[in-house]
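Alright, structures below, take your time with them.
In what comes next, chain A is part of two complexes: it sits with chain B in the first one and with chain C in the second one.
Take a look at the complex of A and B:
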């Protein structure tokens, strides 16, 4: 009886476990519960992916109310793919979280950390499964509000201002999104995505719909941290607790990219229909700006977490450029990069978290030469660095390959050149970390440190293995994203 | 606060009436305007009035943060639990029709239950927000 209800259980089980953890007030119970729930959600996501591959999209009507009236959960290939990505990260990050959380967060608040983690996880899963534009807003808020709390738990007092800034920018983003949804509702009278897709072509020429699309794109771009709207991100990732950086850097912007793809392709039927407002060209421009500008800033950072945060903004550029190309290869690049970037950033932030756990600093000067004392962490950092650059046999290369194919299919050589240039800039900032880790004389703080504890190394190694495996054989993730992209582009009129 | 005898007496008369009105709004919710959210806010306003007149410390004794935190979480569980009850009785999640012997009674029961969950969570959240703002100088750092 469980299988037909999987879409709802996927969301509701973590949601229910959060208040239970709040009542029990025990950090140990909360951690075990979070581990059990995230791994169960991962298993459920794999089952859903298998079912979607076998039998096509799954729908679930909440409360038994049929689709355009009630809330509908709809899982197609893209949702299932994102669901697997998010649950994989969630279940690995929770294993990693235990040791650093116990050290970085006051003991009486540790159980609250896990409550917030579960709520944020719920929101991410909800965004992936829902087929309702308003419901997506609710889950966006659940995941963002708990993310603000998670960031503010950082031991550094600057975490509070970082969280507050994220709160302001995130709330503006969510408000813009809901204004856009309200305008679409005004013109079509529906909130269901499939129903919206059917009704929108009749009103596409109206100014209100142009405004709706503009508001939604800007709102989601804020959550996505596309170049001029990225100001909240570096501080939030830098000052958050290590485990939170891992979890949020790998999921929160990725789910916003998913939401943007969902709205532009499923609801509006692809960017090509916007002759009066060339939103695809705008996104292309800002995506390329993100790639270059953020990489340039990343090159000059001395704080590893901040460096990785800026590199995230640059990597977000790949996703935005991919989805703005409007062809199957470009969209497939965006989709596969949701997975690839989640895996490489989780790996890198975990490695940095391990270093912080032992050395107590993330400044390049303080961690110089750590890789000789922590060879496994150093090697993992190297694997993640290669993925970030996009060298062949790394998962970053899979994305670049699709992206170049998509750009060249349209004959846009400058875009291809920018993608390659961005990879070269990544080489520069990754080299700074590698140089500090391997080639510099050990800093005083590094003397006498040991390798990170096994419970932190286990998820690190799993992620490194994922990075290597899907880099060497990208056919599984590549074929899945091409199939998902074909389904999305195929629906466009 | 001893000087304001009239305020205190009137408040003592009003607080039970406010609570009763909250319950009226609560149970009226499934027939007309009203429901758990509004009822929760009204119910919490009774506590807030009490705290304004008799002090936050006294009010905290009536509604200890530990208890309020628990009801805050329990409300969500009541809501979600209603959904699970529907699942176990063979319906979709939150499909109230299967909760009782016929669909109309089921819908009635289901809405009453989830509205009760909303009531618990909203009133607890309101009280918590008030206590946090009002009690900042009293005992910072406590729940």
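Take a look at the complex of A and C:
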């Protein structure tokens, strides 16, 4: 039976297959392996989610070593939900990747792309399943290091500096995180999250824990690209190859949001730590700053990828604000937005990738009028745009609904106003893309182009369908994230 | 379950199929005409009550609730969709027709919504579809107008959403029933509804956007957005006193701006605000008679306003001109359009034997019954004003006046048929109001054709008609509002109001200018800091980024330390 070992298989299979791809050095084989593995991981994630829903959280002792000594994998509803999100994106992005990768990355390095993709994927899954604070750092480094390589594979020379800066910042973030974990270990003598949660209340009054929490929040905020720690992100997303932008934009910041929720709620006890320390006020402030400042910047961008990157920073603000509200609705908004934002950003970056594949540029001036030649891509872009704004019947609306509910439940009107303002700003920058795509006279480069190839359109359409379906019927994702949030806040029925 | 299918579905399905039909093919024409008919049949085969309900995110949603009020509005919306589609049969731009059907379907959806979330969803869908409808005119002016329009409506939708959310958290219920504007939640909901009704201070979107749509698009636009708002006000805020004030303001606002206007469709757009003002006032009075009047007037208004805009649309299509000063003398070659335009003009002026008479007089009557003397006087003055701007000004300048030398023929058969259909309805309802009264939400005991009513109205219309022709030279030149027509109105008082406007206008202009300056200042400031070269958007070196990291660490540490 493999079912009991599913948690470790999720992580080990892609981890082991990466070196195999490296040895085989064949792009074709590597692609097929990556497809098989990501889809298998997706199926596994769905099975895990089903099991968690049926029988409650799953724990798995690595190598048979029981929890306080060995590394424990622990999958609760939140982990399973994030796991499904990440594997869904991973399996769709790999389908999309083949054509643009073959064009944008030199042929002799294509297999490296798939190796790094699998490693990064491993890291993401590891973060989601692990119940050990140090192990989380290890996986954070695996996924980040491979992400630096993925970005630097871009044919654009600026990709190298972008990757380098991301490397410096990412490393600082990870170091800060591990410094914080080290301090907690000093005070409690454990790295297991459940153990930490049990022992921390006893030492919560100590200065060391203040320091630990400060280092961890700043470290993870850096990974999350919360304003003003966002400067590495726009260039990294803009200059990376199309497929990498899709994959990273949809997963890497989302997994950091997951880690932040995990540390603040599971380890520190959420509302319990908000009471003595102003962590919620701080995060709330910076979250709102992200929402507005990044949207304002996005309004002025001429490069679609850059525009979407800044919009990501603004959307990350939603997650941060949600988790800092400290009530079920707010946290549920953050959790559901992990899924929702992954789906909408993957869709948008894929659509932009399709445009780049045909037109060869992502500047608004160069792609003017493309939607008439590429109606499917144009329509998908429109769907994603509506999701970003958060109009009803789009998935963005579900998030906004929860977020407003959470803010209003606390009676925090200004927060609700900021959320709405940010939606209006999103309307402006989405409109700029729509206007260029549909209403401007076709640019010279757009003349005579065709719709993107079917293998790129298939994942694009699946994502568009997901965006529409979960927007119209948000019950499934909404209920799941509310249940997960209830479990974390501790008001589980 | 076939008997509980939402009527809006027929329109949505048709909208989904339209892109696959070639313009001009008989299938497309059949689809355009059959779908609204199916929807209308569905409206009348549904039994009353809550027909569809389920739970969503912990709320009890009722997407299909049927009662007399919702049926009345759904009836006129589907009839409108049919006539609009008939009028637009030879519109080649499929986008516009798809948008129009989604738009009509969402309006029908709102009328059957039994809970506020369903209202909100269709509300937003309506905003998007109608903006698309304006876009599809495909002129640069229409693009810009549609963006402004969308901004206002999404803003309204968000206000509504926050209101609904607060309402839900405070009361735990989202059922859409009568409310009182007594808390933040219900006020926000009321404001959300009023924005769509074209209420002040955000009325300008209406003439701005409606006059930029295509010749067929404006016909659809005139019917749904404002009348859906009237429906939601009727359902949600009957008897809210503030609505009397707002309604009367809208009546006067519409008249004064319509008199100043030169673009024929803008005249008619301002008169929508004016007419919705009558309905809003009726809702505010809140008696059975006035609510009935408001509902009936919405029904009649959709028909004659669409008729007027169809005749204006025909003129636009056949001549390509839209300014009153460039038109005139068209009656010689467009006799049918002229007759239909006049029928519409008589109906909007509430001339006896037309639909406007049998509905609007109910609102006046209700104001009189409640002894709201000032409201009654202003309503009556408003009626005279309507005759001036819409009843006479529109047909006179477009079809008669000087001879512009244009000799376009009447429009194609389908447009003529749509106009004749609505003109017949205008007169039919005017002569036999019984069937309309029978489907009103409250029991009716009202006889419009009493000698008193008829005489009162004829006098009013006669004198304002006389005034128009006496003052014609003034009207024709530059229309300023300092006309000396107060001698006719001496017993009423709008001249004083006109003077107040004369004073207000410069203040208003100054306010606008300073607002504009503020906005431009704001955009320069924002673009300085957030634009590509701004501090927030600049690319930093790794060293500078690290500085930020250190600052943030310090900020967090200090915050945690201080809090101890």
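Of note:
Here is the rule we go by: the second predicted complex is superposed on the first by the 485 of 493 C-alpha atoms of A that agree within 3 Å, B and C clash if a C-alpha of one lies under 4 Å from a C-alpha of the other, contacts with A are read in each partner's own complex, and residues count from 1 in each chain.
We adopt the following convention: a contact is a pair of C-beta atoms (placed from the backbone, for glycine too) under 8 Å apart; a residue touches a chain by one contact, two chains touch by 3 or more.
Every value quoted in this text rests on a predicted model; they were computed, and no experiment measured them.
In the superposition on chain A, no contact is made by A:134 with either chain B or chain C.
Of the two partners, chain B and chain C, it is C that touches more residues of chain A. Contacts of A:168 after superposition on the shared chain: chain C is touched, whereas chain B is not. Touch criterion met: A:20 reaches chain B, while chain C stays clear of it. Judged by the touch definition given at the top, the superposed model places A:32 against neither chain B nor chain C. In the superposition on chain A, A:412 contacts neither chain B nor chain C. Every residue of chain A that touches chain B in the complex is listed here, in rising order: 5, 8, 12, 15-16, 18-20, 22-23, 60-64.
Of all the residues in chain B, the ones that touch chain A in their complex are 69-70, 72-74, 76-77, 80-81, 83-84, 86-87, 91-97. Within the complex, the chain A residues that touch chain C are 164-165, 168-169, 172, 176, 207, 210-211, 213-215, 217-218, 221-222, 227-229, 231-232, 234-235, 276-279, 281-282, 293-294, 296-297, 299-302, 310, 389, 391-393, 401, 404-405, 408-409, 416, 420, 423-424, 427, 431, 435, 439, 473-475, 478-479.
Listing the residues of chain C that touch chain A in their complex gives 56-57, 120-121, 124-125, 128, 135, 143, 147, 150-151, 154-155, 157-158, 161-162, 165-166, 168-169, 526-527, 529-532, 534, 536-537, 539-542, 544-546, 548-549, 551-553, 555-557, 559-561, 563-564.
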